[in-house]
Every structure is written in C-alpha cells, then in structure tokens.
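Got a structure for you, written out below as structure tokens; questions coming shortly.
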Amino acid sequence: MDNNSLASARKPVRVLDGPLMLIICAVVVAILIILGFLGLPNNTLRYFFKIFLYIVMGSMWNLMSGFTGMTSLGQQVFVGLAGYSVCVMTTTCGMSFWMGILCAAVIGVVFSLLLSTFLFRMRGMYFAIATWVVAEAICTWFKSWEFVQMGSGMKTVTRPKPTTLDVYIWALTLFVIAMVVVYVLLRTKTGLGLTAMRDDTDAASSLGVNIVMSKRLVYIIAALFTALAGALYWINSGTIYPDSGFDINWTVAMVFIVIVGGIGTVAGPIVGAIIYVVLSEVLAKFPGWSNIILGAIAILVIVFLPDGVMGTLQKKLRFDIFSQKRFSEPKAKNSKKAA
Amino acid sequence: MQIVQLIINGILLGGIYAVLGVGMTMIFGIVKLTNLAHGEFVILGAYASTLISTTLGVDPILTLIVTIPIMFLIGMGLQSGLINRVMLKGSEPALLVTFGLSIILQDLMLLLFTADARHAGGAYSSIVFNIGPISIALLDVILLAISLVTIIILSLFLKKTYLGRSIRATSDDTQAASLMGVSVKKTYGIAMGIAMATAAVAGLCIALKWTFYPSSGGGYLLTAFGVVVIGGMGSIPGTMVAGVILGLAQVIGGANWGQLISYLIMVLFLVVRPQGLFNK
Amino acid sequence: MSEPILKVEGVQAKYGDFIAVHSATLDVPEGKIVSLIGSNGAGKSTLMDTVAGLHKPSAGKIYFKGEDITGLPAEKIVLRGLSLVPQGSRCFIRMSVEDNLIMGSFPKTARKNVKKNLERVYSLFPVLKEKRNDPSGSLSGGQRQMVAIGRALMTEPDCLLFDELSLGLAPTIIKDIYANVKDINRDGTTILLVEQDTQRAIKTGEICHVMLKGNVVLSGLSKELGDDEIKKAYFGI
C-alpha cells in the first residue's frame, strides 16, 4: 500500500486551467445564458437560480474554511442582514431594490469589518461558536426591534417586480463574478499565503504574508458575496422573518455543500450545490426526513469520503481544477494544541 | 426586596444552567471537541423523562434511574463508534459531525414527538414558600439540589477515582496518559458517556421547569456554551459561577432581553477573557 | 551476558514521508544501564516513542521479555513492564503531584501497591512529598522530571526508558537525578538512557549505542569503546 501511494505521488498532478479550460467555462456560461433566453420553464430557472446562489455561498464558506481554516457557523448573519437591507430600502424607504442590494453589500462589508476586529482574536472552535453567537444575538435583537417590525417579519416591495429570468441572470452573473474572485484571490500572494498558513504556519510566515490582513480580506469578501446572494434570494422570496433570515440552516447548507463537494477545492462547491439543491427538491416529497437524510449523508461523507466528491475524484485521477499548488498533504502531524 | 428576589431567582436558575454546561465543558476540556449536538441531547433527555414519567405514572425525577444509564451508553457508543474515527482527521471534521448529528436528532425528535410543546410536572410543581416578601418555588429548590448533587458527584468522581484521574490526565496530555496505561479512545468514550448522563439530568430539569420543543436544543446549546466560555473549559467551580451569571442575566433581562444580554456577556468574555473566569 | 530484555530489530519509523528512523537494531540486556547517544535529529526520541508504543513502526520488530510487542499501543506496552519517561517530563500540569504519581498506578497490576510505591517514590525524591498537593505545573523543571520518573516507577516497570533525561536541567540537579537513576537500577530495573550529554551517558551506561541519521551505527561495552571511535560514529566522519 505504501509503495502504491508513493508511485501515485510520483505521477504529476494535471492542473486543468489553461486557456482551454477558460474557454470551456465561457462556453458553459454562454449556454446557461442562452438557455435562459430560449425560454426554459420558470421552475427550471428557479432551480438554477437556487443552485447559483448556493454555489456562491458555498464557495465563500469554502474560501474561509477550506482555504484559510476559518470555520464560521454564523454566515447566516449576512444572509439575514442582506434580506432586511432589501426590505428596509424597498418598503420603509420606498427605493428601488437596486438600492437594497447596494445597501446589503455595504452593510455586509461594514459589519464583517467590524466583526473581524474581535473575531480574529479567537481560534478554531471559539471562532466557530463566536460567529454563531453573534448571529443569534442579532436574530434575538431583531425579534424585539420595532424598526424591523420585530418577529412579525418584513416584505420586499419591488417595483417593477423582477421576472424569474431577471433574477436568473443576476444570480448567474453573481456566480460568475464570485468564481472569478475566488480564482484570482487564490492566485495572489494573499491566497497562497493563507493556504500555506492553513497547512503549515511556519511556511506562511516565511513567505512574509500579513496573515491577519489576508484573513480579514477573505472574511470580508465572503461576507460581501454571501450578502449579495442573500439579497437576491430575498428579492425573489419576498418575505423575511428573523427566524428565517438568521436561520442556522443557511450555514448548514453551506457546510453540507462544501463537505460533500470537497473542502478546499475550487470546483467542490459547484458539485456540492447541485447535489444539495437536487437532493432537497427530491427530499421535499418526504416531509420531515429531508434534514435527517442530508445530515446522515454529510456524516457518511466525512467518515468515508473526507475529501468530498471532487476532492476524491481529483486525488484518484490526479487532476486539479484551477487550483494553486498545495503546500503539503493532509495534516498528519499530531501536534498538541496548547489550551 | 425585589433585588433580593431577583438574585435568588437568578441563583436558582443558575443551577440548571450549570448542569446544562457541565457536560459541554467536560467534552470541550477533555475530548477537545465542541459538541454541537449537546442541546439536542439535553432535549432528548427531556423527552425521555417526560414520556417515561407519563407512561409509567412515576415522578419525573425517578426517571433519571433509566435515562442516565441510557444516555451514558448512547454517548459512549457515539464517541467510540463515530466521533473517535473522525477525530483522527482533525478537529473540524469532528465539529461538523456533531453539527450533522444535531440536525438529525432535531428532526428525528420532530418526527417522533411532533412539534407540540411538552412539559413534565411533579406533585411539587406548584408549591411556593413565602419567607416574608420573598417567595421561593419548591420546584426551583429541588432543581438546584439535583444540579448541585450532579455536579458534586461528578467532581468527586474526577478527583478521587482512578477513572476520574485518568480522564483529567488525558485532558492534560494524551500521550503521557497512554504511557500510564490509559486508552485514550476508551477514555473519550467514557467522558462522552458522562457528558450525556449530565445532559439527561439537564433535560429533566428543563422538562420540569419549562415547556420544550424538538427545536429547543439550539438555544440550550448556546447557553451551555456560554457556561463553558464564562467559566473556562473544564473548570467545575467556573461552571457553577457561570451558571449563576447567566441565570442572573436571564432574570434581570426578562423574556425580551435576557437572551440578548446573555449573548452579549458571552461575546464580551470571548473577546476579553476567552480562557474563562477561573483558568489562568 | 544475560538474555536481552528488550530487542529492537531493524525498526523503521516515519512521520508522513519523512523517515526519522531508518533501521535501528539494538539489544538491552536485563538488569543493565544502557545508553543511547546521538546528535540532535539522529532519531533517538522517535525510536524511544516507537519502542514505547507512542509511534507505530513502519518496519522491523520489537521484542520485550521475548514477546513481540511491535505495533502495540502504549497503554498495552506499559502493562507488560516497559515504561517511558518522555522528553520534557510531560507532567499532567493541572493535577497535583500526588495525583500525577497515583496516575502511574493506573495499570491494574500496580494498583494494589499504590501506598508502598508512593512511599518508595517519596523516599527517592523527598521534595515531592513536601509538594504533594501542589499542581505539578507550578514545579521547577527538575522537580517535574522527578514527578515524571516517579510516575513511571509507580507503573512497576521491569525496564525504564529515559528520553533526554538531563535536557534543560541545572548541572547539580542532573547529578542528583543520575544518582537516583543508578539507585533505581540497583533495585533491579533495567534502564535505557537516551542522552545528548555524551560524556555522562557513557560514564553511566555499561553498554553504549550510538545513533546517526536514523541508524544505530555503533554498539558495544562503554569501557571498550574508544573516544575516537564514538566521536567518529557520533559525527559520522
């Protein structure tokens, strides 16, 4: 077995990212646009709409957890804040939903910047729980805040009401931009430094990357795109409550998507989001069982397929889509973390 | 006088919070695992106590005789059958597995027990003592006593027995513990079993004190985590004090703001003193 | 010479792809003090961890009292009477000195003699008796090393491995601890001593092994090995 793994290690990893790969991606996107205008049924468009948004959110969670080692359980705070931004701008202020989206983006960036000042003092489990506590605190606050009509929720009043095709195209655009951002970010010195840090702290410091600034950048980018995805979702959905906006299930979905798709791979969240949306549509026929089955699948994947679908495929077939060189293989070190 | 009443109520509540957090702090300190399913286990304990007591017509407190061993075995089984396996891959996969468990458990309870509110009542549930202007519910005193007894037994066990010492040793240094003949995996299993047993006790307290739903676990998980953060992981005196602090916050803030105040205290501790009150 | 109580045959140990011990072979005869020396990074500590069961060997065999213990976990090996005092003492820092020592009696075979063994450790290291209720984290480096030695003695070992016994300790304390090691050996415990302090190791150990780059390159009776020979083996020149 040892000899085997050594032999396969010698076989070079084919990184698929040259001009050919870019052309393929462009073609896929073009097909998706054409399909939209060719008049796919609205139900199908909504499917794709959901998949695009979940890819964006999953990729952002992946960027944080998979590439930089920040496991957040509180990303729902940005989804909820974005939803409320859209509602407040359109309903309370009577402006267009474009202002709502802008507002969601600004609030996402400002709030994440604010949070990062104290969240970044924490590590590992403390970071994870702190993000969740913050989300819960905001949720509790919104439930008793009259400005957002407390627990009774808010509506988006969008004039003119965007068509399904509109939101489809916007979500597709957001998805493409998000993937480009992930791709570019991972190629920069910042991205390389962060991955290095996740794999090996010494290697990262020797690269001379300002880790805190880089992590903050990733955190803010993740917040921004999660907020944008949330804004689109709530424009389409229309009504938000504190319990639905700040629902931990948003993060549950992101975690599922990344784990199943393949943590730390660029293509993983795309595969994961497709699996998630299709599965949850199928499982909707079995009310009550859907989360049980999703949870069980996630656990089985962690136990038996810890690299997820894409991670396992990439390892087996020795290829890598749009990825940087990884600094080291899985952490085999049994390092004791001092308390 | 009202202040005295508030403080008494806060302390009485603190007992429940302490027993809610003690299992969490054990797992956090010993297994180095954040068990995100702790809240659901507590609610599972609450259902078990409620159902057994109504089916058999016995006092809810007596159901502990059954629920504690069952929960112990569930905890041990989960740890050795599942969590120990993923812990080899690092702390994040283990965290996510417990996250998955919490989702599964929550919806399983929803299927089994419906979304109806439940509550367990004993003969003592409505008895109130009045000492001058201050009134104390017998139930609250009983719950505080149950919590204290649980925590005292636990801390004596950890201090005075070989098994308890081996658990503490493992939490300090796993390799050195294994050099003393301690099987780390077995110890983790036992620690998780004990944590689940305390969840059974916490569940009983919650069932007697409040109404609960399958979805109540998340809130209690955060309270339990609050106890860990404020008290410091693995610290039993810290756990008691943290319980009282959160109890007071709850009582002072009332139904609207109690939760928010608790969260703010937690965030404050996470920022200023993440090691908790009693750890250096 | 008596039958070796511990035999290491061609043991290889890796961390991931990094091979720390290539092929180590050595014998430890019963009742002796044996020293193992080598420069930093020669693989001594990895070999000790592997023998004690903290690390799984990727090749080779380890026999203790004639039985194959290759790949057994540490908690099983200690039950057979082989105990390691790890590098840097590794006390249970939040536990009291006495609780640390009592942890050494965790193996069921050792439990019935807790009191007796505790007295033995306290007579060997009187200072520990004074500090029995202090958390071991508050002790000095030398005292922690005493706790670690005492703790290992409480497991009632037939063979004790010391990893970097003198590392980071003051010279006077090293002298005392070495005196204790000789006492322990006189009571019948075989000792394998890993040291960077070459002179002291050669003086103390009756038999000496030298490791270089993951291999045992020289073995022999300490008094028969010449200084030059050891130096050559140690530096690989």
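As written, the chains take the letters A, B and C, and residue 1 is the first residue of each chain.
Definition applied: contacts are C-beta pairs under 8 Å (C-beta built on N, C-alpha and C of every residue); 3 or more make two chains touch, one makes a residue touch a chain.
It should be emphasised that the depicted structure is a prediction, and the values quoted were computed from it without experimental measurement.
Participant: Can you tell me which chain is nearest the middle of the complex, judged by mean CA position?
Facilitator: Taking the mean of C-alpha atoms per chain, the most central one is B.
Participant: Where is the C-beta contact count highest, in terms of which two chains?
Facilitator: Chains joined by the most C-beta contact pairs: A-B.
Participant: Taking the mean of the CA coordinates per chain, how far is subunit A from subunit C in Å?
Facilitator: 51
Participant: Determine the centre-to-centre distance between subunit B and subunit C, using the mean Cα coordinates as centres, and give it in whole Å.
Facilitator: 42
Participant: Find the geometric centre of each of subunit A and subunit B from their Cα atoms only, then give the gap between the two centres in Å, rounded to an integer.
Facilitator: One centre to the other, that is 32 Å.
Participant: Tell me, which residues of subunit B touch at least two other chains?
Facilitator: 173, 175
Participant: Which stretch or stretches of subunit C touch subunit B in the complex?
Facilitator: Those residues of subunit C that touch subunit B are 52-54, 73-75, 78-79, 83-84, 86, 90-95, 99-100, 102-107, 111, 151-152, 155.
Participant: Would you pull the subunit B residues touching subunit A in the complex into a rising list?
Facilitator: Residues in contact with subunit A: 28, 32, 34, 36, 82, 85-86, 89-93, 95-97, 99-101, 103-104, 106-108, 110-111, 173-175, 218, 222, 225-226, 229, 233, 256-257, 259-260, 263-264, 266-267, 270-271, 274-275, 279.
Participant: State the interface residues of subunit A toward subunit B in the complex, per the touch definition above.
Facilitator: Residues in contact with subunit B: 65, 71, 73, 118, 121-122, 124-126, 128-130, 132-134, 136-137, 140-141, 144, 248, 252, 255, 259, 288-292, 294-296, 298-299, 302-303, 306, 330-331, 336-337, 339.
Participant: Okay, in this complex, where on subunit B does subunit C touch?
Facilitator: Those residues of subunit B that touch subunit C are 162, 165-166, 168-169, 171-173, 175-184.
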